[in-house]
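First the structure, in the form of structure tokens, and then the observations on it.
As written, the chains take the letters A, B, C, D and E, and residue 1 is the first residue of each chain.
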Amino acid sequence: MSATELLIELILMPLVAFVVGMMMVLMMRRIAAKLQRRIGPPFFQPLYDIVKLHSKKTQVSHGLIHDIGIVMAMGGYIAAETLLPVPGMNGIAEKGGIITLLYLMMIPSLGLALGVGQCANPNGSIGIARALTAMLAYDIPLVIVVFGVAYAAGTTNLIDIIAVQQAGGFETWGATQMPLLAIAGLIAMHASLGKQPFEIYIAPAEIATGPMVEMGGKYLGGLFVMQCFQLYTTSVLYVCLFLGGGTNWFDFLLKSFLVLAIPMSIAYLFPRYRTEDLLRLMWKWPVMLGLIGVAFVFV
Amino acid sequence: MSTNLVLIIALPLLGAFLLPVLMRSSMAIALWSGPAILIYGCWIIADLWLSGFAQPLSVAIGGFAPPLGINLYVDSLALLFAFAVQLLGLVFWPFTLDQESARRQSLMLLLVAASTGLALSGDLFNLYVFYELAAVATFGLASASGSGAAYVATLRYLILSGIGSVLTLFGIALIYSQTGTLNLAHLAQLAPEQLHNSLGLTAFLAILIGIGVKAELFPVNTWVPEIYATASTRLSAFLAGLLSKLALLIILRLLLLIFHQPEAAQVILILGILGVISGELAAWRAREMKRMLAFSSIGQLGMIFIAMALPDGKGMLAVLALSLHHLIIKSGLFMLAEDWGGALERLRGSAKASPLGAVLFVLFSLSLVGMPPLPGFWAKFVLITELAAQVEPLYLLGLAVFLLATVVEASYLFRVAATLYGSPAQDTLSEEIPKTKGLSLLTASLFGAGVIAVALLIAPVGDGLQAIAAQALDVDLYITTVSPAVSGGSQ
Amino acid sequence: MMLTLLDELLLFSGATLLVALFIGRGLAAGWMVTILYGGQLLALLKMAVLGYEGGTIASSLTLEVMGQALSWRFDALSWFFALITIGSALLSSWFSCGAWERSYIRQGGNIWLFHTAMALNVFTMLILLASGDLLSLFIGWELVSWAGFLLMALAGGVAARAAMRYITYAMAGGMAIFGGLALIYTASGSLQLEAVTTAVEQMSGAKLWLLVILFGGGFGVKMGLMPFHLWQAPAYAETPGPGSAFLGAISSRMGLFAILLVLVKLFGIVKIESLKVPFTLIDARDLLAWIAVFTIILPTFTAMKQNDARHLLAWHGIGQGGYMLLGVVVADAMGGAGGLLHVFNHATYQAALFMAVTAVIYRTGTSDLNKLGGLVVRMPLSFVVLLIGIIGLAGLPPMNGFVSKWLVYRSLLNQGMPLLFLAAVIGTLGTILSVYKLIHNIFLGQLRVEHEHVSEAPWSMMIPMLILSAIIFITGLMPGIPLEWIASVLQTVGLPVPDYTLGGVESSSGSLDMIWVIGVLFAGFGVGALVFYSAGRSKRVHQLDNYAGGHFLSADVRYQYSDNFYAGLMHLIGGWYRGSFLWLERGITSLVEFLSLGMQGLYRRANAEFYLLTTALFVIAWVVI
Amino acid sequence: MGSIKQIPVVEAKRTNPLARVFDDLVRFCRSRSLFILHYCTGCGAIELPPAMTSRFDMERLGIQPMVSPRQADILLITGYVSIKTLKRVILTYEQMGSPKYVIGICSCTVNGGMYWQSYATAKKLDEYMPVDLYIAGCMPRPEAVIAGLQQLMDKIHSGEASSWEDYYRNYDYYLGNQQKLFGEDWQTPTDVISEAKHYDLLSEGTLGDHTRLLEQHQKPLEALEMRLGHEQEEPAK
Amino acid sequence: MSKEITHWLDDLLAEIEGIVVRRKSSRRVRVDVPADALPALLELLQGRAGYIHLSAISCVDWIKEDEFELVYHVWSYESHSLVSAHIRIAREPGVYLSVYDLYQPAAFFERDIHEMYGIHFEGSPNMEKFILTEWDGPPPMRKEFDSEAYINEHLSWQNYNPEWLQELVAEGGGVIIPPEEQRFSQKKK
């Protein structure tokens, strides 16, 4: 892996992630529209939104930490992309395993939390407190699932995990080997996206979109970009863990869009959970499923 | 040279009776005669000690041979205690000049004479006589402070020690009926056949409880808190520090020389454990300085009893180390208690008033609790290793109780330290806060220096104690020195 | 007798103590003591060969007391811990000189006593670390616990009460160790390390169990393991500023040093693993692991409820101690390295956090989280130090905390312990939540009117904090540096050694290279900044120009959310850990109270003679039967 | 004082072609992605939900409702504007990020509508803030609202909808009207004058006697800049 | 059944002298009472007739007779009927006593009337501004208050006259009564 190739990969992977991420955002809004019998936004709508937000003349900032927060949010995910192996490009996946990836995905939420903290708006602080509690809620099943997969594959290196799954074609996929873990992983992934049933921390009615209350212009644009990255990373991570990664680009994208479509269609049919109910739900079903799944892995 | 050993008992005895007469003629001479006698006594012992004291020697009083006459058995252990008596007598000399100081000084001389006798005498009945003499002297001194509480305490102590001495007499009578002799060496020879039966054991137990009154043994030490709280601190220091150790020495001699039955050791162990538990926990509740020190000395002596209960003399070094350590620390603490006597709450913030007193208190508590470089730790270490070597569960129980007691001890001693260093309550004026001063502070710092000295040169002191212990354990040596003619008779 | 390097170090430390003791009055005393600590560090670095190749340096002083031989020597393990001790002492005393010292004196503190206590603590810790055999270990242990008591009881009032509680726990622990020592002495005849290891070989199950419980319990008290952790938080929080930084960094890790020396080196993990808990399938190692894991979770969630910054950090100190023990107890290559690296990392960021909080107290006069807010605009450097500290404490990538936690997780993963892995992660998440509460309530949100004219902490306090944050970042970037020392420590203790590189750890089943990860992270930040700053210039607005649902904000309205920070979470799990073993402590104290009441009653009896006769009759009857 | 004729100023096109293409793209994106502020000032707002949901679906035009003024571009003044609501509307308008557009829906915003006689409602909305578009009708149907929005989108695309600059250019006129209505000590927490400097839209109309009146009683509004000052030598208390 | 009740009610009301009862329907009664008899009437209705719900107090400004007319609408749940008690008070001092002690909701009605008409009710819990918080002019509902004059002075009219409207008017379309004529203030000119 020569240096120049690696450099190209490090630049290309985030770009691909951004583009695919925007497609995923579009798919999400189209699914929502179709469920509500609406036509839904035009094809390039996410791009328009981002360009418009970045081009706004007023960029209200509450201080240096507010700016750094948004930069950390975007930067964290850009770094996380390079650890996610995609067909043809492995980036620096073997330099840091799956645990490092999970931690890198926590950096944006901490960066955002710092930025929102400086906005000095209680709505934002309440939103962040709920977001971190939600993170505590969905991270536990996620960690059980990751433990199960890593222990089954015997390594934390994502490339090897994918290699193990692709060895026997469909039978050796994570989902077929460990179905319970796959389901638990799906629920945990859905909660980590922070979409409809689990979006207590963006709750527009109660706390005026929580953390994003003081985010205008390029700050909101940065969060929209982060949302694209978030959708991409979560779905690709799920694909790598359970659906055997992508042999070629077409089936890789098909799998990740399908994986994302399931929670999206569930999302827009349910009202919002309260924080305690979110915790209770997340610590009851996915954790039970996960532990039983891990028990099977041990057997 | 050995003959003048008798002087160290005779002279104070003589002085005790002559003093009131001398007092009438001229005050000056009378005041200084007491300390002079004591200094002369110390000089004799020191001279004997320094002139190379290899073998123990037996002094027959009045020229009569041992089985009939009374002899003084002087080995390094006895000499150490005798020297301690003379020295502490001097240190705790009641210098206060009031109208009955003559009575107080003569009683003090009497007490010193009796104690030296207890340390040296080799005859059982002689021990009993000196024991009674010491008891009487203590009654006199304890009630000297004249307060109502002192009288009540002395009365209770009188009754208790009276019954105790009756029991001791019963025990001695039993022994005499069995063996026909009262000389310890002789008894040691006859003991294996005659006294190793249940009758012998009863005799020993009777003597144990009788003398136990003075040695603050568990059930019979109820007099301790009252006497120490009401008597003058100098007397209670002398009593707690030394007299209880001498009574203990008698029991030790009996245990080593005559009674080797395991039941005896077990009784002492059980009573020792109960003593430790009751002493330490009662001290935890104590709200008043002297009472707390009294309970703490009960606990410490309980520990020494546990050490004594170790089979075939393994605990000898521990007993010696613990008793000497307790002697120094308790006397120092009592000296501090002279000014800090009252309720503990009153002491709040007095560290600022008398920083040296507070530092000394912390030093003594640290050594009592067993902070490593200080001697207390080494004494505890020796006891702990011996206790852990035993197999029976009772000894392990003793070990556990000993450790827990140290924890309780640390917490109540350092609660006092915390109040000392705490900030004084707002309303107390600065001069109301008690300050340690004058002679008592001087003696306390003397003891503090002693503790630090022992801590620094712990190695030589350790070897010295080991030599003394070894010599004390050697029963045959005892018999041969006392009655060379009759040697070879014993086991 | 020739002065070995170890003698030099101990003499130097003794000299510092004497200097502090005798000329500690003047204001220059603080600087002098700091320079002497620097000297001690140089003396220690001269012995750096221990850290890299291992081996031991013996002290020329040997004592022969009461038939016990006492010797002192340094090996890689003690060198590693000594490095952390002297490092944190140097920085803490540097922090205490200058401005903080003046304010401490103005508030009536006794600065001479403070410097002496710190010097005494360092000196006693060095003696403990240099212990050559079990007896010198115990002596060092007692000295350290008493020196700790002095430093904690310094501030009087609440601190004195916390120190009293500490000393009761420490004495209980000390006596447990003393009992264990005695048992070993009888079994092996002497307290030298070699003799003890041979004796332990053929030790039977029950006796070894007793030893493990006694030693584990005794050392666990100092480390603040689960049942005995109640004393640590108030004691460390109430000590004056730099004192709490020093204590929080290293003091409770002495327990881990002793556990490493006794349980791991002498007994050996494999021996401990052989001890089975009757009719359950877990063995002693699992028991220790589960105690460590509970020590991680419960204190972390208690920390979340604290309203005082110092108490929050002190509770975290206990929680992180659990990670170290967990790493050491799992005892595979990654676990041991993880546990020990966590000792180093925790020392750095705990000291930095305590110093930052002390700087805030120095400037605003309070550490109550509900009375602060928005200080980032007035104390930016302290904010940076606290931020780097909390990233380290939470164990997130750029900082060193992440590397040691990653190692512990990998070892749990390799050994296949899902429940322990899960519990450790719950601990980490709990830490992330409560550290965000710390930084949000102090530095973010609305600035209070009375804090408008607060300025940055003075340079004498700021430099040590910045040095510590630099260390945190550098050891995060290149964990190879501390891992090298830890490799030789693992060899001396007898645990497997991972093959480390400068950037992290190389292994077949997934490796970590922090230089790459952090490089990519900062590249990502660069790209993010590029995108962010290419769009229009941002305009700063006043904190009252804020969305409030159409309400006109004014300065007298406190528009800040800080009380009951995680309401949702607390609503669900608030009731579970009310006092976390407070009931155990209260139970014991009331038992002792009750017993002592009984005993005192015994002595008040009037008819003492009745006792005398009954005992006499009882004894005689017993003899006759 | 007669109402100032708003001459729609078309943004000057930049010279070099690349910049022009970029400006065109930006204007296109601005027109195709509009965020409406979810703030129902009057009775007309009842028409907005049907416009957004399935039957008329504004999202196909790229229009989304947003909650906080910071995120929104369009402020819909729906229905009569009482003096009390006008205060909040002005505060919200100043908190919105420019380029921002104000659309007056319902005839009450145009000329007071059926409340034209009332002492409590504002008749001429554009005295207090620049209004881009009016949609007449006593609650115009969703089709009319969408038609109006499409008209706004074309204006944005062509670059005419820059009336927000007018607020900064003639801030003194607007402030005067506001002070006439709300009294002398009227002040919003946003520092409009420094914002005008920020967008360099400071013209002679920005500062006048009304702004001087504002300065007299204005509470300090400049942002708390991060500083490393060490003046406060001794600590608190 | 409701017949007996209505009769019973009429006899009851007859007890107060100077009362004029006009029964609008079986369930609505209009009563005119002198100002000082109102509390007695309300107490009677509340106590014995079950009229426990004071649904509103309205006020009419008779500027020509220089009087205010206060109407108290009281409702009974048992007999499902409403009694409206009309009283007249002099316009000038505009002071009347509060019925807060009989009906607690009266506090808000009285506060509103005070704000709109300037009538001061003694004994009413609080008389501050209620809805018109920003208003510092005279009570707006009084007849002598000319809304248009206020508007002319404080607000400004919208003369919206775009080209398309002018062409329409030119072709003869447009509004029948141009806006200027509609405004009273203009009419005077």
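Simple rule for what comes next: a residue touches a chain if its C-beta (ideal position, glycine included) is under 8 Å from a C-beta of that chain, and two chains touch if they have at least 3 such contacts.
Which chain is which protein? Per UniProt: A = NADH-quinone oxidoreductase subunit H; D = NADH-quinone oxidoreductase subunit NuoB; E = NADH-quinone oxidoreductase subunit C.
Fair warning: this is a prediction, and the values are worked out from it, not measured in the lab.
Asks: Could you tell me the least number of steps, going only between chains that touch, from chain A to chain D?
Replies: Contact-graph shortest path, chain A to chain D, evaluates to 1.
Asks: Which chains, if any, touch chain C and chain E both?
Replies: Touching chain C and chain E alike, sorted by label: D.
Asks: Would you identify the chain whose C-alpha centroid lies closest to the centroid of all protein C-alpha atoms displayed?
Replies: That would be chain C.
Asks: For the interfaces A-C and C-D, which has the higher count of C-beta pairs in contact?
Replies: A-C
Asks: With centres defined as the mean C-alpha position, give me the chain C-chain D separation in Å.
Replies: Here chain C and chain D have centroids separated by 57 Å.
Asks: Could you tell me the distance, in whole angstrom, between the mean C-alpha positions of chain B and chain C?
Replies: 46
Asks: Counting only Cα atoms for the centres, state how far chain D is from chain E in Å.
Replies: 39
Asks: Just how far, in Å, is the C-alpha centre of chain D from the one of chain B?
Replies: So the centre of chain B lies 98 Å away from the centre of chain D.
Asks: Which positions in chain D are in touch with at least two other chains?
Replies: In chain D, residues 68, 70, 195, 223-224, 226 touch at least two other chains, as defined above.
Asks: Hey, what residues on chain C touch two or more of the other chains?
Replies: Counting only residues that touch two or more other chains, chain C contributes 374, 376-377, 447, 537, 539-541, 543, 546-547.
Asks: Tell me, which residues of chain A touch at least two other chains?
Replies: Only 55-60, 62-63, 208, 213-214, 217 qualify.
Asks: Which pairs of chains touch one another in this structure?
Replies: Every touching chain pair, ordered by label, is A-C, A-D, B-C, C-D, D-E.
Asks: Which positions of chain D touch chain A when the two form their complex?
Replies: Residue list for chain D touching chain A: 25-26, 28-30, 32-33, 38, 53-54, 57, 59-60, 62, 66-68, 70-71, 73, 96-99, 195, 199, 223-224, 226.
Asks: Name, in rising order, each residue of chain A that touches chain C in their complex.
Replies: Touching chain C from chain A are residues 10, 14, 54-63, 65, 67, 70-80, 82-83, 92, 94-100, 103-104, 106-107, 110, 113-114, 117-123, 125-126, 128-130, 132-133, 135-136, 139-140, 143-144, 147-148, 150-151, 154-157, 160, 200, 208, 213-214, 217-218, 221-222, 225, 274-276, 278-280, 291, 294, 298.
Asks: Can you list the chain E residues touching chain D in their complex?
Replies: So the residues of chain E touching chain D come out as 132-135, 137, 140, 145, 147-148, 150-151, 154-158, 160, 179.
Asks: Which stretch or stretches of chain C touch chain A in the complex?
Replies: On the chain C side, the touching residues are 374, 376-377, 383, 387, 391, 394-397, 402, 406, 409-410, 413, 416, 418, 421-422, 425-426, 429-430, 432-433, 436-437, 439-440, 443-447, 508-513, 516-517, 520-529, 531-532, 534-541, 543, 546-549, 559-562, 565-569, 571-573.
Asks: Name, in rising order, each residue of chain A that touches chain D in their complex.
Replies: That would be residues 29, 33, 36-42, 44-45, 47-49, 51-52, 55-60, 62-64, 204, 208-209, 212-217, 220 of chain A.
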